[in-house]
Amino acid sequence: MISIQTADFDTGAEIRALQGNSQTGAVVSFTGLVRDMASHGAVTAIELEHYPAMTEKSLQAIIEQAGKRWPILGVRVIHRIGYLAAGEQIVMVAVSSAHRHAAFDAAAFIMDFLKSRAPFWKKEYVDGEGFWVESKSSDEAALERWNQT
Amino acid sequence: MIKLCFFARFREKLGVAEESLPLEQPTTVSALMSQLAGRGGAWQEIFDCPRGIMVAINQDMATVDSLIHDGDEVALFPPVTGG
Amino acid sequence: MISIQTADFDTGAEIRALQGNSQTGAVVSFTGLVRDMASHGAVTAIELEHYPAMTEKSLQAIIEQAGKRWPILGVRVIHRIGYLAAGEQIVMVAVSSAHRHAAFDAAAFIMDFLKSRAPFWKKEYVDGEGFWVESKSSDEAALERWNQT
Amino acid sequence: MIKLCFFARFREKLGVAEESLPLEQPTTVSALMSQLAGRGGAWQEIFDCPRGIMVAINQDMATVDSLIHDGDEVALFPPVTGG
């Protein structure tokens, strides 16, 4: 259900794997990519550090929370680590459910909590120099909406 | 003894990824931070103010008021930026 | 950008095609499938009728509305017509954007309006007998939330 | 003349997918529905009450108050259920 890996992944194959259950009416997937622009210039690559002992545990807890809120049939989370060039895939979250709103909401919920609670850190390389990415207040704010609903 | 882990910017600035530290009795995260800030230099810069520091005890998110016990793994890191 | 077709589609290939733009940081996809259960029994297949002269025009209008609300970089909508067996893919919506919330919201918006405004009708086959699917009040209600935000 | 189109359950119940109808002067969708209901049988059953009927004029969604002009294509159908 959760993979932390340096290798790339095949979003289409992961979505197909979630379609096997005959009760499944909806699959929603999110794929995050390395953008080539940052505030300080053109990004050629990023480096992803994580906290190996904690990463999977924290993602597991986020998925469990989503499972308590929505009738999820399947979940797949893949997050890459190490060096990734601009344009490469970083992360994938896919959720299957009988109905579309549950799949949409659960996938957005998992991504919001992954962004602010899972122990990953990005360093962007611009002209060969590395800059640790600053967290965005908008990511923390995104968690608020899940407390209100 | 407790195990301390540092990640990302903290790891780089402090020049250390992990260390072991004696623990006489249970203490709070904020007391630990004060102790680390007392080392001066980059330690003081990072741990003088708990704002903008995330902490996990035994791989679960914790707060500055959480208690640390003997044998715990305490990770201190900047806000996460994955995804 | 819009395809109405009897043939199946490859969600993974469509997602990859949207990843070409270097500003793209997020791709969200929705895939809808034929579920095998309905209120009146086990569904073996469905038949999808549409209004050929209007279908693409109505989807185009929905995508334009989404484009006015969110900074979308790319959109792909595929809807199948004709006979589809249980478990088959019916519809796919994929949206790319620089940021994840725009991609999530625009994809959900397009699906909500497609469900209640695009001229498609489903007939479910149970034991060889066809039943036209009744529209759900929850689908109409789903449009309301887009008026409030 | 206007062109009428019927879809899904309406098409099946009426036994007709499309027909041409003379139009003397612009009229509303609700007046057209009353006229169709006047044919009795399945026509009356479907068009007696405008609730639960969707209408498009020249492939754009319209309402019971919309005006129909000569040459228009008017489609009448039950609530959509795609996706």
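Remarks
Note that the chains are named A, B, C and D in the order they appear, and that numbering of residues resets to 1 at the start of each chain.
In this section, a contact is a pair of C-beta atoms (placed from the backbone, for glycine too) under 8 Å apart; a residue touches a chain by one contact, two chains touch by 3 or more.
None of the values given here were measured: they were computed from a predicted structure.
Chains that touch both chain C and chain D are absent from this assembly.
Here the spacing of chain B and chain C, counted between their Cα centres, is 48 Å. Taking each chain's centre as the average of its CA atoms, chain B and chain D sit 71 Å apart.
Rounded to whole angstrom units, the spacing between the C-alpha centres of chain A and chain C is 23. Residues of chain D found to touch two or more other chains are 83. Residue positions of chain A touching 2 or more other chains: 32, 100, 111. Contacting chain pairs (ordered by label): A-B, A-C, C-D.
Residue ranges of chain D in contact with chain C, taken from their complex: 5, 7-9, 11-12, 56, 59-61, 73, 75, 77-83. Against chain C, in their complex, chain A makes its touches with residues 10-13, 15-16, 19, 22-33, 35-37, 86-87, 89, 98, 100-101, 103-104, 107-108, 111, 142.
Interface of chain A with chain B (complex): residues 32, 48-51, 53-54, 57-58, 79, 90-91, 111, 114-123, 132-135, 140.
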